[in-house]
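Next come the structures, one after another.
The two complexes that follow have subunit A in common; it is paired with subunit B in the first and with subunit C in the second.
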Partner chain A sequence: MRRLLAMLAARRGRGRLHWTDWASYLHLLLGLLVMFGPVLWLVLSSFKSEAGLIEFPPRLLPYEQARVSVQGYPQPLPVFRITAGDFKGRELAEVRRIGLQAQMLDPASPGEILRVPAQDRERVMRLHFALENYTDLAGRFSFGTYLWNSVFITVTATLITLLINSMAAFALSKYRFSGRDAIFVTILATLMIPPTIILVPNFFIASTLGLVNSPWGVIWPGVATPTGVFLLRQYMLTIPDELIDAARMDNASEWRIYWRIVLPLSAPALAVLAIFSVMWRWNEFLWPMIVLNKSETFTLQLALNSFQGELTTSWNYLLAMTVLTLLPVTAIFVLLQRYITQGIASAGVK
Partner chain B sequence: MALAQRVLGAPRLPWVFLTPNLVVFGIFTFLPIAIDVYYSLTGGAQLLPADRPFVGAQNFRELFECESYLDPTSCKRDLFWFGIYNTAEFVVLQVGLMVVFSLITALVLNRKIIGRSFFRAVFFYPVLLSPVVVALIWKWILQRQGLLNAALDGAGLSTVNWLLDAHWAFGWTVFVSIWAHMGFYTLILLAGLQAIPRDVYEAAEMDSASPWRVFRRITLPLLAPNLAVVVVLALIRAVQIFDEVYVLTGGGPGSATTFMVQYVFQTAFSQQVRQYGLAAAASLLLASVLFGLTLLQLRSMRSKDR
Partner chain C sequence: MATLQLRSVVKRFHETTVIHGVDLEAREGEFVVFVGPSGCGKSTLLRMICGLEEVSAGDILIDGVRVNDVPAARRGLAMVFQSYALYPHMTVYQNLSFGLENLRLPRAEIDAKVREAARMLRLEQLLDRRPTALSGGQRQRVAIGRAIVREPRIFLFDEPLSNLDAELRVQMRAEIAQLHDRLGTNMIYVTHDQVEAMTMADKIVVLRAGRVEQVGAPLELYNAPANQFVAGFIGSPRMNFLEGRVTAADGAVAVALEGIGTIRTEASGEGLTEDAPVTLGIRPEHVALGHCGSNDATFAVAQSEQLGNATTLFFAAPNFAVQVAGQVPARRGEAMKLNLPPERCHVFDAAGKALPRRSRGSAS
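Our next item is the complex of A and B:
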């Protein structure tokens, strides 16, 4: 322990920890608790049974009353430890309870019914991960449909986003033509028109185009993004024009130059935009809520929202669904953290 | 495409590349602004603009019909005014606190500390979670028999029904949105801090300046452009707060956590009579605020690049 402290206290340059170092680590540990604790609590809770969830105060880990199967009884019987009286110290299974008396039996000799006062016993708890919260989802609540809707929208929208924004960026970075700067400024100006202020007209346009209750109604409005054009254009400007001139000498068509030369060379910027797009689409909420009204068209986010709004919410399923919804984003984060943080630090966008 | 090149000739080709993008922008961004203006000047519950009667500035007049602007309950559209006041209070509290927390965290993460990239990831992780997930995580903790009340109970304190008390519910919307977004701003500030040259600090160390003095005289002035970007971005987002609050509190209790965007959403989409005109008028007012903030953003970004 002392060595650990010595190691922690060791600092380059100075021998001992300055008060600012203590404050820093305190801040970080508190941060760890506040930022990550709630997510951990969600995951732990999602493995609790319905009975475990309503326990107050809650336990940290998913505990559940032990049950034992006894011949002659169709259901497994709950196990209690006897705390007083003749059977003190023994673990018995409850057959039924009548008022203050409980009829119990010893699983080892199931023929004999023992009578025990109800207050002389306590429940035997054991660790039990309620995996059924997850496995039940497959068959119930059309979870598969919501998952498919979310995946379809995310993947399709991201592919279209990459295609049309890189085409625009290519035109804006590799050609000189009159009106180019005006177009670029116009595209950037759409930053001033966030989706929240055009909800009503966009709903009208979506319904005119027959996109209400269709995944395409969610996909189309967001595929052209000023952020994407900006990010890709800045990157493509760094690709030397000599490469393109050389290809033109070889009689390559302009489309071929875009598709075979510029696009592959822009891979790092495309990757950043792809990650952003996946995050935007997977997490999108307000616009899908307006354009998707039938439950079979819901995305996971909409399903979670409508599910939590019901009066008789089964929190055990809701929590499991929430964990499954945050899983893909978490996986992307763990694998691609460096690209995400660099992308944000350089572009200043989310 | 090769055909297009032959027919149109190479000079017009950039426009072919631009077309898909511009068509989407045209249909779903620029056209809607015009329709939004038209909706705001018409009444009725019809969605089709041609069926809507022209009412002039009636919608705006209705929104501003108040006996006293200081008292939302005296207004005809009281929820609109509750939305404005709540949003104003939220923006000031959320942006102020979040920028301070982000700055402190960025300063800490910029030091020579053990496990720096791990801690950076911890602070950033909630940024990626969806608003619905964020709201459910906290709803589960703040519910009557949740973790927070269990901790209070264990410490011998009385429990609170956090999301059903107007003041607490508002406070929690501020806290939860800071929790969900501060990692993003921390990251931008951290990038700014790392761009400050080391030798400036070494010079200060030679003069054995106090940490506070170093912060005031070196860090803060050199970080100012990044801070400006962060403040403006945070303002733009805070004004549009909706998703996580809608799931967390539904705008309640009463109208304690009803914000501007939720007013627009409710007026247009979740009431018996869909008042598109009123909603469009309210969103144009919101747009004018955002327009001003975006001009600020572009200016702060330009000064940062300089």
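Our next item is the complex of A and C:
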């Protein structure tokens, strides 16, 4: 921990900042702004009320017009500060507006109605986090169903991906058989085929197998990934053959060699692939949109999209849901980023 | 205890033949060492015996039963690998028990065997550690332990000491020799280090380029090498070789060496013609200082190494080394009088084959 701090606080200048320190901090700050700005904007916006979102000019923080409850009026009334005229400086609540005139009252003495010209006042804003954007989600949009669909597809697909890819990688890295290199090259070559090209054939297969509108229709077509096979194979090549010979001398069956020796030793590469797979699956959009047509089978990404498709777009809920959708991937990144950098460095793939 | 027989065993990788028909027999309880320069096929031969490498032709028999098609695990052998090949993600205990678990032995029996092996190899304190937390020597012992728990008929060692430092190597060498005495099981040991071969073996098999050059007890190989390769390979420092021509072929061979003179030997010249090219070999430790009237030579010292208990002198022309006991002062360029005792001289014909000795029993 102390070493980490020392690393973070390392400077070129002794005692005070060298100009290169300023330059690097500026550079990093710029990077942070560019990368993190949109995310910050999204998160803050997700706390704005519907009215706050359409406000112009937009504000960074979720401000909204202050409202006050007054006896005799069922709805809370918006509060204005008067800028000119008789009541200058006072904060009054608006009862209704008629043309250029507004009927207002002082919340302290609600009986008396005051008439104020509409241009002589400005709204009183206050900071307000619209948590209802989040709390309402659960009840209003069967958010739970979408979340479960997404989690189920992501977890299951990742587990199957890890299993199938590691088995292929094991065979390709540790067995000598004719045609091995040809198979490996063929697997890699599929990286060159754009997914959109095989979209239609894939859909035919899925529909023939009766997988449309089933989460398995999303899971199966993507479990065998050339990237995963490549990444794991490259890692498994570094496992010494002598270990496998030793296990063979130890009476281990080929399955046990794979399960007890090769898999545990490939853990770092498996972690990288797991992270990739979770990100791919969680953010997957095009294929699920084609396979899943019924709203109860939607993943979160599809649900987000369908929000926009309706006549009115509830931006506040859409943004809140977007933030929730981002969270799991972010959490995984934060927790496992050490493996990611390690894995990318070792496997040399993106 | 088992016997091992190899009958004209051949190994081919695609077109290249790496083992050319090896015949070999190991009796019960014998410690056999395969020795040879790297690339001579000794490791391949070992891997064929243990079943990790297929046999292209010929037969391997263990206890008289042909095992060519028996998988490695069923041959009842255990191997210690050069890199130890310990499972890095398992503790020492798990490393030792893995093979037994695969045999589906009851837990209690596995535990008893593991603890017994650990006790024998002084590993009790280390059972919960992972291999990365062990020193080289400890890892080596775990690797041997993994072989012991399986109670094999034959132990196979593939250059097990080559990753250890010199001091530890000597120590582990002694431990393996002790283990062999205690267990009485056959051991087959592959090394490129002739010192290991000499110190441990009951029987040394010298291999070169996939062929057996000579099989014999260590001293047999030292005293009566069958050819120039074995003569050069066994013994340290290396035997000196001087090229010359036969001057007398009837009876004992005498060899004329250019610039040195004629050296008498005790080799039999049967079948040799006069003036045939031969190579004279003599071990550095067998050359004596001083002249005796015959078989004498005088060389100029190029370099000397003082080891304290012995002195090694190197001569540049001809390329020649002499090792004498004790501390002999020598300056560069100083002329040294040397004597090459006839009974210590080996003679090899043009094909490198050693000529037989005329008089028996004078060796060593």
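Simple rule for what comes next: the second predicted complex is superposed on the first by the 246 of 350 C-alpha atoms of A that agree within 3 Å, B and C clash if a C-alpha of one lies under 4 Å from a C-alpha of the other, contacts with A are read in each partner's own complex, and residues count from 1 in each chain.
Quick note on the criterion: contacts are C-beta pairs under 8 Å (C-beta built on N, C-alpha and C of every residue); 3 or more make two chains touch, one makes a residue touch a chain.
Not measured: the values here are computed from a predicted model.
Following the overlay on subunit A, a side-by-side fit with no clash is recorded for the pair subunit B and subunit C. Contacts of A:220 after superposition on the shared chain: subunit B is touched, whereas subunit C is not. Centred on subunit A, the angle reaching out to subunit B and subunit C in the chain A superposition, using CA centres, is 70 degrees in steps of 10. When both complexes are overlaid on chain A, the residue A:304 reaches subunit B alone and has no touch with subunit C. Applying the stated contact rule after C-alpha superposition, one finds that A:207 touches subunit B and leaves subunit C untouched.
For subunit A, the partner that touches more of its residues is B, with subunit B and subunit C as the two candidates. Looking at the shared chain after the overlay, A:32 reaches subunit B, while subunit C stays out of its contact range.
Of the two partner chains placed by the overlay, only subunit B lies in contact with A:187; subunit C stays clear of it. Of the two partner chains placed around the shared chain by superposition, neither subunit B nor subunit C is touched by A:141. In the superposed model, A:242 makes contact with subunit C only, not with subunit B. When both complexes are overlaid on chain A, the residue A:164 reaches subunit B alone and has no touch with subunit C. Shortest separation of subunit B and subunit C in the overlay equals 9 Å (C-alpha atoms, whole Å).
Comparing which residues of subunit A touch subunit B with which touch subunit C, the overlap comprises 253, 256.
Here subunit C touches subunit A in the complex through residues 47, 50, 52, 71-73, 77-79, 81-83, 85-89, 98-99, 102-103, 146, 150, going by the rule given at the top. Residues 1-2, 5, 10-11, 13-15, 17-18, 20-22, 24-25, 27-36, 39, 47-49, 104-105, 108, 111-114, 119-133, 136-141, 145-147, 150, 153-154, 179, 183-184, 187-188, 190-191, 211, 229, 233, 236, 240, 242-243, 246-247, 250, 261, 264-265, 268-269, 276, 279-280, 283-284, 286-287, 290-291, 294, 297, 301 of subunit B are the ones touching subunit A in the complex.
Residue ranges of subunit A in contact with subunit C, taken from their complex: 240, 242-243, 245-253, 256, 260-261, 264-265, 267. If you check the complex, the residues on subunit A that touch subunit B are 8, 11-12, 20-21, 24-25, 27-28, 31-32, 34-36, 38-39, 41-42, 45, 54, 56-58, 163-165, 167-168, 170-172, 175, 177, 180, 183, 186-187, 190-194, 196-205, 207, 220-224, 229, 253-256, 258, 279, 282-283, 285-286, 290, 301, 304-305, 308-309, 315, 318-319, 322, 325-326, 329-330, 332-333, 337, 340-341, 344-346, 348, 350.
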